[in-house]
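The same chain A turns up in both complexes below, where it pairs with chain B and then with chain C.
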Partner chain A sequence: MDPMPKIVGAVKTRTFKKGVHPTDYKAFTNAEKIEYPPLPDNVFIPLQQHIGEPGRPLVSPGDEVKTGQCVGRSDKYVSSPVHASVTGKVKAITTLPHPVGARAQMVHIQRTGEDEWDLLPVPEDWRTEPLENLRELVQEAGIVGLGGAAFPTHVKLSPPADKAIDAFILNGCECEPYLTADHRAMVELAEKILTGMGILMRVLGVEKGYIGIETNKPDAIEAMRACCTRIGLDVPVIPLQTKYPQGAEKMLIQAVLDRKVPAGGLPMDVGVIVNNVGTALAVTEAVTEGKSLVQRIVTVTGNGINTPKNVMARIGSPFSHLVDCCDGLKEETSQVFMGGPMMGIAQFDLAVPVIKATSGIICTTDSISEKGKTLPCIRCGSCISACSMNLLPTRLARLTEMKQLEAAGELGIDHCIECGSCAFVCPSQIPLVQWIRVGKYRLSQLN
Partner chain B sequence: MTEKDNRKDPSCNDREEAERKEASPPDPRLLIISSSPHQFGPGSVPKIMWSVVGALVPAAGMAVFYFGLRALWMIFVCILAAVATETLINRLRGVSLSIPDGSAVITGLLLALTLPPSFTFSGGALGAVFAIAIGKQVFGGLGYNIFNPALLGRAFLQASFPVQMTTWTLPNTARFGETDAVTAATPLGQFKFELLLTDHLDLLLGNVGGSLGETSAVAIIIGGLYLLLRKYADWRIPAGFLSTVFVLGGLFWLVSPNQYPDPVFHLLSGGLMLGAFFMATDMVTSPITPRGSWIFGVGAGLILIIIRLYGGLPEGVMYAILLMNAFTPLINRYTAPRPFGEEAA
Partner chain C sequence: MDPTTLLVSMASMGGLGLLFSVGLSLANKKLYVAEDPRITEVTGALPGANCGACGYAGCANFAENIVLGEAELSVCNVASSDAIEEIAGILGIEATASEPRVARIMCQGGDAEAAKKAEYIGIQSCLAADLMAGGEKQCSFGCIGYGDCVKACPFDALYLHGNRLPVVIEERCTGCGKCLDACPRGVIELHPESHRLFILCKNHDSPKESRKMCARACIGCQICARALEGDQIVMDDHLAVIDYDTYGQEAILPTDRCPTACLVVSENRLQQEQEAI
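After this line comes the complex of A and B, so read on.
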């Protein structure tokens, strides 16, 4: 599972240890330009789209709202405000199915016309603006990590004083199969992304920046390099071996800087902050245009959709709206998930809204029910060779099954990043990462 | 992302949801829900097992070439007995049939290849029944056994029929017919008891006395390399096993070349090649950790040299591997890798 590094030019491409090589299926959309579909007639803005406290609604049914107007927020620091993504009228504040599971409170807005923007006050020049203002702007704009975790970006931009940050990595790996949102953004919107990177680096006071991109996106590597030269930004674009989970923070840091984030630690413990290219794009739009995070690029793809596309989708658009913009599902489509196939969440209802973390909507005609039945573990060790966190997935799953949670804890079950590589490689089709998730949850309930 | 439990919220009413559905009518189809990952690699247990069977074809072919059609019949009888036993026990346990996973076929085939050419068919069948019933199914079937079932079956036959299990015939003499076979010692036996060294080329090709599928080192290496390339066997195990035998055997030989055989002879003779590539690498009974695989291979090599040079028997591959099988849980326990980022701490 750890083959020789591929050679690009004369240089070995960097990578992390272990990991897996899923078929990437990116050809569906990696040459499709980002499209701007018609605005949805109704949007449903969940009050929680991020890690941390959910917001409280700031509007009531009947209120008129403008695009970019804040409709929900919390007083807590680790939280992020949410904004109206269309101009219209608040129809209701209600509890509806949320794409990450269960139900959640959402603001239902009925669109009444074209966009009227409620813009944030933008600085004259972000290069001279006080850092505190920029940080606040990022917070007000509701920016969270758009790679999938949705951690509030302003928190990441405020490392404790005792953590000296000396490097910034822009994450352009997009290691999940199918997804091409970041890829297309780098090809088409390189300058905006690099501006965002500049803003983030300035806020953090970091001199050294790096851009990590997997080698399966040669045009993105080329575009970002060309743009760096054009605007005179001195940051190296580092081609990384195409391997999953290359985009996981700890793996990316190991590949780019050869630093190891301590177990249970954060990137800032080794002086690094990582941000996704989508996040950098959102930062630019907030700081230079005053636009809150009301839209993001979503890859609508898979063999189950009629016309796979990359679309600039408004947050809160029902999945069904985007599916319709891509000419609908095929007859035999049996699964739809949000995010990539390795960590994405299966959906049963296409009325759920796009949230800030929706990097893709993948529609497939295959289903796991067609996979062979689960066989006993034959102790082949494939999961161990795949686990980039150096864990023993088969043992952890077994211990969870046997309810020996303390033993699983001692073996480091909490360090699992739930990338799914173990279940991906298991020849016995054992739901390894699924058991580990259960184990982590049960262990947290014990403590 | 953490999700607040909203079920206690009474505002989760049907009217709202009906209105929303009206606003964006849902697709009426039923979608399948599963927990990620939703994409899977190409590996499967049957693929691994049937590849092992395929990788044993060259060795089985050489067995038939050197020892005649009787070898083919022996292979057939052992596989049949193994499959029949597995089926019967599946039925008794009320579990689904496990023949398609291919593991029972491997056990029967491997057992046949370790038997002397003139061994009785009924004895072979008995060994296969023992291998499956006591070596595997008693523990719970595939994945749960501690010892390599084929080797356990062979150990049972060795204990039950010590004379027949050490009566060897020379190749070619019995080809394509059951004419009288010429009894002869194996190269290891000749060395142990007569200090006779066999030609290396004959050892490599397999033109020597020995178990059906063990004589031709080259056929086994071809199959073994295929398994290593497909990653269906951990390369560390044969690497550790063979290099330990080579180095240790070489040391003894350097010290006293008249008393001890040369290291290449060690490598090519007896059941070492078959054992190192096909028995020691049995996934179920070997360690799951990379470091553990090294320990397993080196340990088996050590035990083998001790048995070959100091034991009462000329050959010890079977016991070397079975003993290391017993150590496997312990090895696994002490070679668990440290989680990422904890190694340095």
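After this line comes the complex of A and C, so read on.
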């Protein structure tokens, strides 16, 4: 495996300040075509897969459901409906292990046959459709940010009137090691992604669009550029230096537009909206085909899986189903993650379902998180040089440990994006992100 | 050395000392703030642990507020009944005797009893583990076992047993409640000393699941609830809960009828602890 990023031509690549360079391990799957595995016999649709209010179930055991039918929603604005991802019968509504930890309410659907779609009403031409209808369609389709945070997209598409949005960035960085889902989507489904980008830009009323892609994906940069020329869309594809966390919104905006999101602010404060390529793809499927968000591309990879693949997985498929589609785990596999190795979550049960935020399933034979024993801080400052948010991770961890939470708050503990760069570089293997997370929680309990 | 140098320096230093001492004593007279002598007395009678469980900065601050009539004496859980009477005597008020309370760990799912779902690698703290998928035990209601309560106890009245369950040393426990705040799961409860019968489980999962999770889980069989008349033990979502308002203290149930041994008489537990030590 080649840890060095391949540089495209002699183009000067832009980037943000600080950050880290983990080995990318993308060679496992970056040339593997997206596969469509057999449909799972059982799916488990968690009612909460997004940031915001969890939904209430709309179906009861025994009900027949069609693919794309809404099975749970909330009346709250910051929430997102969830949909049946197969055609079948509701077996139960139960509490089961959820991939982001703890247990959560899920709708168990047993598949009875091939897909019968329950499609959303699609506009004849999205270029002329009233914006309000498009926004509602995005909300009804249950679309959330598919980069990993799962923030409801319709909320992002409705910036307050006092925020003038003048730029849209399509995020194709995929800076987490191992993951290649967005990469393959850009190579194989470029046109659909760019259609989605067009829809999103129209809804936001933005003229200027940019596509940010890291230089370790030269074929994706090529494919997107070629597609832009073919369909006559005038947006620049900007090659970005391969560096983590290049795909974090604030870093991406700094790299592409050289604008700095103020501390505690949102991208819309500097007139920018960022969306992931996966989200754009889902928007196209909803607006042009009427399909709700019932599937996403998942990278099943790592040295612990027999055949690493990129698969189009139905939301709610148990991890074990996807693992079986990739010829199973190797015997010596010791850890399975959801998401990338930097921000992903270790799993203790392969029965957990794929959710909207599942960008990858990483199976490794050597434990990534257990590097060794935690040693005392030697005050080397590596974490400070790595922190792209300009925080002092070691100090924040120490203040949390000493329960001096107001002091940690003044030093901006709440601005930490939990990217994991500090813990990655720490020579003493201090779980800095975990400390900061505990500190954030304790501080929120104080206020 | 010239003796006059010695004399001059001694006289000048002595003179300065005398001058400042006169100044200080005058200032003391002039700037004296009359403090209620009762504050000192009350401070002396309070336990002096400065545990902060009353919500004030420490015992002295609490004493000041009692004397000013802004704090209730009863919020101090730590002071013994003798101390309360003494303070009431100083202030000339009626002492309201409250029964001393002790912390009880309402979980018996130690490493040996509770089933694990995963191996936890990270900060050795219950809160940190709880935020990270709820720690390594399958049960999402019980003790996590990293001893946040032990670290929080200002009286050294808790220790972590080899089985990774906290144990309360009742003689030292003052009922300040610091451990209750430290526990992210709410496993610890304060009970008056006279409470003797406990159901040491917090698991509300269905019997099928709780049985799998822990050998000491309440499985909601209702044997104990049926054995007592009326609503002395009520069922709350697959968990038997003793209603101490209606429960007659003299009616101690034969605890051996509980299939998972989570119905416990406190003497039994003390005995178990001593055996374990």
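The criterion applied here is as follows: the second predicted complex is superposed on the first by the 433 of 447 C-alpha atoms of A that agree within 3 Å, B and C clash if a C-alpha of one lies under 4 Å from a C-alpha of the other, contacts with A are read in each partner's own complex, and residues count from 1 in each chain.
We take it that a contact is a pair of C-beta atoms (placed from the backbone, for glycine too) under 8 Å apart; a residue touches a chain by one contact, two chains touch by 3 or more.
Here the structure is a predicted model, which is why all the values come from computation and not from measurement.
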| item | value |
| --- | --- |
| A:101 touches, of chain B and chain C: first, second, both or neither? | both |
| Which of chain B and chain C A:389 touches, first, second, both or neither | first |
| Contacts of A:260 with chain B and chain C, given as first, second, both or neither | first |
| Which superposed partner A:435 touches (first chain B, second chain C, both, neither) | second |
| Chain touching more of chain A, residue-wise (chain B, chain C) | B |
| Which of chain B and chain C A:312 touches, first, second, both or neither | neither |
| First (chain B), second (chain C), both or neither touched by A:344 | first |
| Chain B and chain C footprints on chain A, overlapping residues | 100-103, 345-346, 348-349, 367, 369, 431, 434, 437 |
| Residues of chain A that touch chain C when the two form their complex | 97, 100-103, 345-346, 348-349, 367, 369-370, 431, 434-435, 437-438, 441-442 |
| Complex contacts: residues of chain A adjacent to chain B | 1, 20, 22-23, 40-42, 44, 48-52, 54, 91-96, 98, 100-105, 108, 110, 149-150, 177, 250, 260-265, 318, 320-321, 323, 329, 333-337, 339, 341-351, 357, 362, 364, 367-369, 371-373, 375-382, 384-385, 388-392, 394-395, 411-412, 415, 420, 423-429, 431, 433-434, 437 |
| In the complex, chain C residues that touch chain A | 117-118, 121-123, 125, 127-128, 131-134, 140 |
| Chain A contact footprint on chain B (complex, rising order) | 1-7, 9, 11-13, 16-17, 19-21, 23-27, 29-41, 43-48, 96, 101, 140-144, 231, 234, 283-290, 293, 336-345 |
